[in-house]
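Following this line, the structures themselves.
Shared between the two complexes below is chain A, which has chain B as its partner in the first and chain C in the second.
Up next, the complex of A and B:
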């Protein structure tokens, strides 16, 4: 280790250990994922520092950029968000976990304690033709058969994933045109061609439960969300309009009240 | 000297590196200020309006004013936000965006004025520099994803999910198009790739890969027509909906730096890097490719691509999400893969001793054969797409169940009420007979 590398290691290693320990402590799944990402990037930096730039960068691109991102994607979609329940699904799983963890720690400590660190040999020769080229010669030269076998295995697995999640389409896929025609065909049944109108926006009231007014001044019932209508939480527009009309009258005092049509809040607000 | 890298960094000390890093950051920040002004001005000219013209000459200080406004605004944190992640997300975005320019060569070896100290106009380079750019881009997505998730709100979450899917998909196509440059240049270090374009810039021989790269770079930076993660009409502004003040400014900064980044990568890999364009490059035996001149060419090319970004934004409409994904996975990636296989085959044939002429003859023969086959194939009958004319040329005014006007070439059938227009209208009626008819039918 040169001076710079040592400094880098002693700065990065404790942070990585903290992040790894954080994985055990944090309660939210996304925080755990962030901790894993930090450890991965720290590992990549250490790889680069140890003259394996290709490995380090590919670690970030493949694992951090793609695999971990997919995990996060699923986490966000599934919404494993609230603190997980602590009920044990397997009897005594906590003790089994502790026991296995201790066993792993013992094995690792044994390996580390017995390891000796002789000066590294052959790094210069291995990297003489630049790291990626040397790696390519090993992978695509000496171990090409193993590489191909692993590649075929991965492709098979990917295909299997596709096949297992594939559903055969029962009918023809509806085209945009067919959908439009179906919509139009439903017109006589009272369906609307356009998106549903937004609920009403009034001078004093702007809420989901008040219907908007149509161009003819009548309230549009379907502008209120269906759930509210079924629950009976819809407010009537007349109530609101009377309230507003009295307000207008109050403001105009005893003057001639403007024709009711122009007081329609619809025209004021749109 | 690092093996496999064309630029020579052996004279660089740690002070040189720090100075270069600071210069890169300063360059990026000022470029962003300029880019925002540039974009607004160019889009405005395309829409025949003046654009920002109030602050400073030609409105140049507008972005500075915007930046000050963002600095001084109230910094809101949504109640349901996950505080640590909420703060972390914009930082990740900006940090990753700033990292990319470390490996972009601004020019060859330059001499510092008034000294005889010369150093490459590039912070650093290593044998896998281009992959490093991809790595930075892929970590940058975490900023968007975590920002969307930590806001604790629906629109940002949807924007973040879209963005993840988008960037992962388009990064594949982008990576595949970069691989063809690696194959031709025989290196992944940026300075070596620029070195390999001395005679021919890669965008000509690798035109298909260049097209794929340009499309995927627009997708990667979430710009129109691919700005689905922040589609205003659907998602308010996507993952940054709940951000305000400086945190929002960081996202904004990251977005514009990302644009400059992908443009710079395109220039370095496909457009000759800092090399002078053809008529200029022959002047005085390539004197314009030495000294500080290359920085000028590099910046000119980057801003040409930035103009392209703005142009596309001013011209194209946003795609629908499913169309966008179908385009990425079913068109762009298979095409890039096919191109890569073809290119690798040609390289292999070249190594095996087949000459260029033989290859071109073979390609021409295959193309001719394909053309003949296509010509001989029976033409597929196009499905009857217009229900309006019912196949017999007659106009159906209620085709598909709703009233339609006649197409060009069709004429309205004579109205069954036409004979009733003959009697004159009664004098007190204000409407024309046609109106009366319309009234009756209601």
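Up next, the complex of A and C:
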């Protein structure tokens, strides 16, 4: 083992352990996914350093590229802000879990420390015909049956994924006409035929979280996107309007040159 | 430094993954813990291959990767199905058989 590899290991290993420990403590599932991606890329670098360049590339392509992206897709599907609840349903589960984890670490580290390993041979001889070729000779020579079985497994898994996530359509597919008629039928209950109004445009503020004003001057709550309303991030129009009123008054007080501006505050900025 | 250090790192990562499976409730995070354990095993396999000068260890790691990819597809499909039925991805909410 060369000095460069030693430096690489001691730089990467603590970072990877920290990222893996982050999996235990972070609240949001997306952050956990980022931690796992970091660990996996670190492992890919270590594989390349360990004379396994093919596995290093496959690690990046398959794990970081495909598997973790699949995880992120499912996270989006399930809801990104699905934070873990930290209340314990089984009493003392956390401490028992930590204890078991520490015990497992102690056992594994103890076994590795106790075992005597032969002097390292290195892969120079095995990798003489380049690593991918050497791998392919073993894979398609000795293990060709296992390779075929793994192929069957992959096809089965793809089919299983299709079958499990398939949803049968229960009713007939609605036509455009039916959709339009349903919309018209809902009109008496306060629905709109037209698109919803866009969120408000004011002199100081042109943000998604402020409601637009209707023709009667009252704020239209449904102009704010539904997600912001559910999260409670909506701002009230009145506070903005009063802020603008005071601004207009202050400007009028400072310079009386442009009194006409006060009744058109919307066009005041830029 | 010896190659054994790689094995120590693999052990620590494996234990952290196992603890994640024990502690977390979100099924997706639990699944990530399993992936971490599989990756730790792969690191040990690659290290053993280098230690013994035999490339079969890398072939085994390759097989682990392929099987893990298949496992992820099925596992995530199951999580999505459960989420559709129960509106939750928490492993504690799946207690249909209780009482």
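Everything that follows uses one rule, which is that the second predicted complex is superposed on the first by the 146 of 270 C-alpha atoms of A that agree within 3 Å, B and C clash if a C-alpha of one lies under 4 Å from a C-alpha of the other, contacts with A are read in each partner's own complex, and residues count from 1 in each chain.
The definition used in the following text is that a contact is a pair of C-beta atoms (placed from the backbone, for glycine too) under 8 Å apart; a residue touches a chain by one contact, two chains touch by 3 or more.
Owing to the predicted nature of the structure, the values given are computational and were not obtained by experimental measurement.
Enquirer: Between chain B (first) and chain C (second), which, if any, makes contact with A:138: first, second, both or neither?
Expert: Once the two structures are laid over each other on A, A:138 reaches chain C alone.
Enquirer: Applying the document's definition of touch, where does A:98 land relative to chain B and chain C: first, second, both, or neither?
Expert: A:98 contacts chain C only, not chain B.
Enquirer: Between chain B and chain C, whom does A:77 touch in the aligned arrangement: first, second, both, or neither?
Expert: A:77 sits against chain B and chain C alike.
Enquirer: Kindly classify A:129 by the partners it touches after superposition: chain B alone (first), chain C alone (second), both, or neither?
Expert: In the superposition, A:129 touches chain B alone.
Enquirer: Looking at A:66, would you say it contacts chain B, chain C, both, or neither? Reply first, second, both or neither.
Expert: After superposing on A, A:66 lies in contact with both chain B and chain C.
Enquirer: Identify the partner contact of A:224: answer first if only chain B is touched, second if only chain C is, both if each is, neither if none is.
Expert: In the superposed model, A:224 contacts neither chain B nor chain C.
Enquirer: First (chain B), second (chain C), both or neither: which does A:58 touch?
Expert: both
Enquirer: So, A:146: does it touch chain B (first), chain C (second), both, or neither?
Expert: In the superposition, A:146 contacts chain C only.
Enquirer: When both complexes are superposed, which of chain B and chain C contacts more residues belonging to chain A?
Expert: Counted on chain A, the partner with more touching residues turns out to be C.
Enquirer: Go through the superposed model and pick first if A:213 touches only chain B, second if only chain C, both, or neither.
Expert: Neither partner.
Enquirer: By the touch definition above, which chain A residues appear in both interfaces, chain B in one complex and chain C in the other?
Expert: Overlap of chain B and chain C footprints on chain A: residues 54, 58, 66, 70, 77, 127, 131.
Enquirer: Which part of chain B faces chain A closely enough to touch in the complex?
Expert: Result: residues 3-4, 82, 84-85, 88, 126-128, 131-132, 134-135, 137-139, 141-142, 145-146, 148-150, 157, 160-161, 164-165, 168, 171, 188, 385, 400-402 of chain B touch chain A.
Enquirer: Help me check something: in the complex, which residues belonging to chain A touch chain B?
Expert: 28, 30-31, 34, 37, 41, 44, 53-54, 57-58, 60-61, 64-66, 69-70, 72-73, 76-77, 127-133, 177, 181, 184-185, 187
Enquirer: Could you pull out which chain C residues touch chain A in their complex?
Expert: 1-9, 11-20, 22-26, 28-29, 31-33, 35-36, 39, 42-43, 46-47, 49-56, 58-59, 61-63, 65-74, 76-81, 83-84, 89-90, 92
Enquirer: Quick one: which bits of chain A touch chain C in the complex? Just the residue numbers, please.
Expert: Spelled out, the residues of chain A in touch with chain C are 1, 6, 9-10, 13, 16-17, 20-21, 23-24, 29, 32-33, 36, 39-40, 43, 46-47, 50-52, 54-55, 58-59, 62-63, 66-67, 70-71, 74-75, 77-78, 82, 84-85, 89, 93-94, 96-98, 100-102, 104-105, 108-109, 112, 117-118, 120-123, 125-127, 131, 134-135, 138-139, 142-143, 146, 150, 153-154, 156-158, 160-161, 164-165, 167.
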